[in-house]
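What follows are several structures.
You will see two complexes here that share chain A, one where it goes with chain B and one where it goes with chain C.
Our next item is the complex of A and B:
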């Protein structure tokens, strides 16, 4: 550098601030700037889109579930003697406990909704196709974990709803050939749900499933970065090239807005319909008609159809149908090898997705109407 | 591509602006909704889903809601907060419609967006909604009611009774009836919604025809379109949004009820009187003072007792003295 230009009279020496020093310190040791560049400078073909926000939203919901769940664990006692009372204590005595429990409860529903939305987006965008097969498979495993989270968490308040939903759920699992009996015995730990069941569900809910979810989410992100975003399914090369952008800042802003919306939505639901427990769990259902959480109601209603009555019918509805559906989802990227990603040029995929969504909505409403016939 | 933006259908234009504008605005509106719910100014009861749809589509529902409520006795919730929410929605919708429409004009229609585009589209869409939505509501309600009655009658037909011994089982019957009336009412709702969106699209297309064509090439348009969506000063945007977020969070936690606003019958708390706070030093000094006062009182009482005794004894002595004298006098011969 020329001495004339670097003289103190013309350019004063730049003294790094404390934050700059800290960043430099960390960068020297962990490669902070390189990490930041790798994380934020991911090119998104065709630019940022609202349709891509679901993955980030799911991570956000999981983080909030972990936070609220940890706060609830400060007061919750996982024993059949105290689970119900400690949950009532959280609702009625702990400061803001009613809101934290409500947020955790509705957060689990939001997670299921966002998982289905994320899977729908990937399916409709044809983003499961080569070279993203592994990404799709890990995503399916994550879907299974989210559903298991909901199932195990449902028992913990130990009220009639929790007890009977778990009883029905475990009975369905019991019908699985070969491993069904083992799974049911392992989960229940006895002939009827009791202390062993509660302990096992609690351990699954707070230790095993979070660890599995974190590990698989990490793998999912790694595979996503290796395969790179699929981009839009339509548009000319000129359009896609003109709109291609980095992950930061456009997509990050969209993700943050999506997270804010989901956060506000969960808060609104927690305020609108806070958690109210039924009577404490008892082996006699009394007036209560057992039913699962709302996102399983469509399936519960399906099993009420006469075709699924009897030994074979129950096996067909409770085991064969869901296993076949999951097997189809697993095999999807290997069956559908057509590189065409435009959903409007894949009529079977579009019609199948619409049919499944209509079926879910229809049978969920039917299940709600069916309650009138039970009371 | 060139002919695509020239011949875009009104439905496509209407949907292309209304749908993203509603999603853009709902984020801001949901923050207001949460604050009003926290204050207890809005009660949705069982109508949360319907209220959300109405709030989501507030650019067209804002003026139609009072009409629907007056004409059909519909119920979207209770509380002054509901009115406040829809009044607050107006500037938010104008902003969102303006943002989306400006980018839509540039990118999809290749036209220069006119001034005050958001306001121009908002008042037109609110006006169309005020006339059109009550019609949609009335027609869909009418069709749904009739379709429900018809499907109910169909499920009870004798010919169906012959299929099974006891008629259709409950689950099958519900599914069948729901499929019939649900399909009919959904078809009517979708058809009328498409007509409404098409009317809006027609109005927006009229505005686009009057606008000047954009002069830049596609890359230039995309750059302008992109800058409209995200300000260039990211740091300023982040700081201002973080500030707004902190303010809203503080407001939220300060107004959120500490205990549940929905206490269950089983767990009503007994009325407990709050005990005064124990202040050791003050308590000790007041106790010492009290002891001193009591001791003084006892001393005074004892003194009084002693003096009373003395007086009594004196009086007794006097009386006895007098009596002795008298008796002596009496006993004297």
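Our next item is the complex of A and C:
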């Protein structure tokens, strides 16, 4: 769709094709062309950029997760006596089952990576500031949903890795004061992980979280369109205006290239690092050393620290620290009222972001190194 | 801000040159930047608002002579989109370019309606009344399997002949029958660690006192006597519920080590290092004359200083 006004003058002897008639029929009833124009003709202040591709990529990854996830449900059975076998069946017997499961598995990792990239971009660009506070808050809720997706999906294959990640994860939630015990039992559907846990995680993973994600992502997009893109953090109004273009075609093109890269990357991982299940879940792990998904490793390593020892230390590490961090992110646009968006003029923000990234990388590496000392 | 209206006459310093056919908005400031003048049959010209001196009800007064305006390049419609075709929020909020208000009549039934607030509140009350009776059943529905009575049956886990050395952790694997809600009864693999303790270790563990286990009502279920040399520890790490192992530690020697968060316990179950808030959980244990070890399978909440039984 270009930005030109549709000219009322048509060539007199041109007979509309069936498709043109169909489009005209729909347009008359739904206003398709106006809707399409509105969707594509959104000014990007300062012009399209590669840095802006992550939102679209996340939407793409979610669509692919929904597709592959729906396909997996054709064979997967969420019961303790069939979950493991049905997953093995998908991997070993169903045509391309290994690929679709692998895609879904690596897609979840890609989702976490892109969420962090997206949040970092918004943070570094200062795009959470007024008038985009609500956009940021809904984004944080979406971040929580993505993490919960990963956590609940991890249990479904019902292998040892699944069982222990859930056991420890729920024990962490159990440390919440007053309501911890209730939350843990509520999630597990009993005192220990079992069929009720699998059922609950399954319903969360395939019904509640997708619905919540779709609703909130819709709200996120709506708020984004109401507030309009923030644009670059430096440059005069005239410079920004001179470089401004519309969402279509340059930004959409960049988004598509980004999606193609992510798609190729996930396919490559599914191909070269196919999902291999461990033994079926059991409260006896044998020689297996429980470990969470790689993007939780830094936190896993953090909980090994001496300062988080003992009951109070555990409360600090398992509850207070993550809650305080999330609370800080929630409060961020309300604390940081300085309209300055240039990251190079916001030293605290820049240093904090670097510190967090360095911390995550170092602790992840530490946890990997620690593996060697366990046997 | 000047608000030139569509269809207004446009007058130059010398004569009328046409009427306002369109207005152009600045996408950043959201203000009118230009008017487009239909030049009485001589095409259209785009005139910057800087030329506009005054705007009255139906007249736009320009500060330039007509030949200046006529000399402007013709208006190029293809360089613009309508506000319906572009997504710029609040673009038209402070612009009033319509030739007048556009109105539709109120339906007869909506005229003079009293008690709008009452109706509004009543709607909320009914919504609440629908939600209230369903909330509790939903909660109870979901809570059904959350709390279960403790199973205090004795389970045979193996024979003490497996234990070759004293003060060494030996894993006893056993199968426990589980009946979960509607599911057919099935067996899960579990394990306990049993230690045959030397008198010195026993003294450290019991410190001269027998260990009592009570049921939910507080009645004594079983007492582990301090002179019985066998101790069984629940296989669950009291830190965050992982499964620990018996390992040789470089500095501490043979210990119980949890691979998750690196809690380390002595053969007697005391915390030597790492984040665990309490020592390993001893279970009720009895050994028959033939050396068969029986335990009551208990699990305790991880991460608390005090023992809180959950299974």
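One rule holds for everything that comes next: the second predicted complex is superposed on the first by the 362 of 375 C-alpha atoms of A that agree within 3 Å, B and C clash if a C-alpha of one lies under 4 Å from a C-alpha of the other, contacts with A are read in each partner's own complex, and residues count from 1 in each chain.
By definition in this document, contacts are C-beta pairs under 8 Å (C-beta built on N, C-alpha and C of every residue); 3 or more make two chains touch, one makes a residue touch a chain.
None of the values given here were measured: they were computed from a predicted structure.
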Assess the superposed three-chain arrangement around chain A: do chain B and chain C clash, or do they fit?
-> fit
Considering only touches as defined above, state whether A:264 meets chain B (first), chain C (second), both or neither.
-> first
Once the shared chain is lined up, is A:250 touching chain B (first), chain C (second), both, or neither of them?
-> first
With the two complexes superposed on chain A, say which partner A:305 touches: chain B (first), chain C (second), both, or neither.
-> both
So, does A:365 touch the first partner chain B, the second partner chain C, both, or neither?
-> first
For A:42, is the partner it touches chain B (first), chain C (second), both, or none of the two (neither)?
-> second
Tell me which of chain B and chain C touches more residues of chain A.
-> C
Touching partner for A:99 - first (chain B), second (chain C), both, neither | first
Which value, in Å, gives the least CA distance between chain B and chain C in the superposed three-chain arrangement?
-> 7
Which residues would you name on chain A as touching chain B in one complex and chain C in the other?
-> 304-306, 370
Touching chain C in the complex: which residues of chain A?
-> 3-5, 34, 37-39, 41-43, 45, 79-81, 164, 167-168, 171-172, 174-175, 181-182, 185-186, 188-192, 194-196, 225-228, 237, 241, 244, 246-247, 282-285, 289-291, 300, 303-306, 308-311, 313-314, 317-318, 370, 374
Of all residues in chain C, which touch chain A in the complex?
-> 27-28, 77-78, 80-82, 84-89, 142-143, 145-148, 173, 178, 180-181, 183-184, 186, 188-191, 235-236, 239-243, 257, 259-262, 274-277, 299, 301-305, 310-311
Would you mind writing out the residues of chain A in touch with chain B in their complex?
-> 47, 50, 88, 91-93, 95-99, 236, 238-239, 242-243, 245, 249-250, 253, 256-257, 260-261, 264-265, 267-269, 271-274, 276-277, 301, 304-306, 362-363, 365-366, 369-370, 373
Chain A contact footprint on chain B (complex, rising order) = 1, 20, 23, 26-27, 30-31, 33-34, 37-38, 44, 48, 169-172, 174-175, 178-179, 182, 218-219, 222, 226, 229-230, 234, 241, 245, 252, 256, 258-264, 266-267, 269
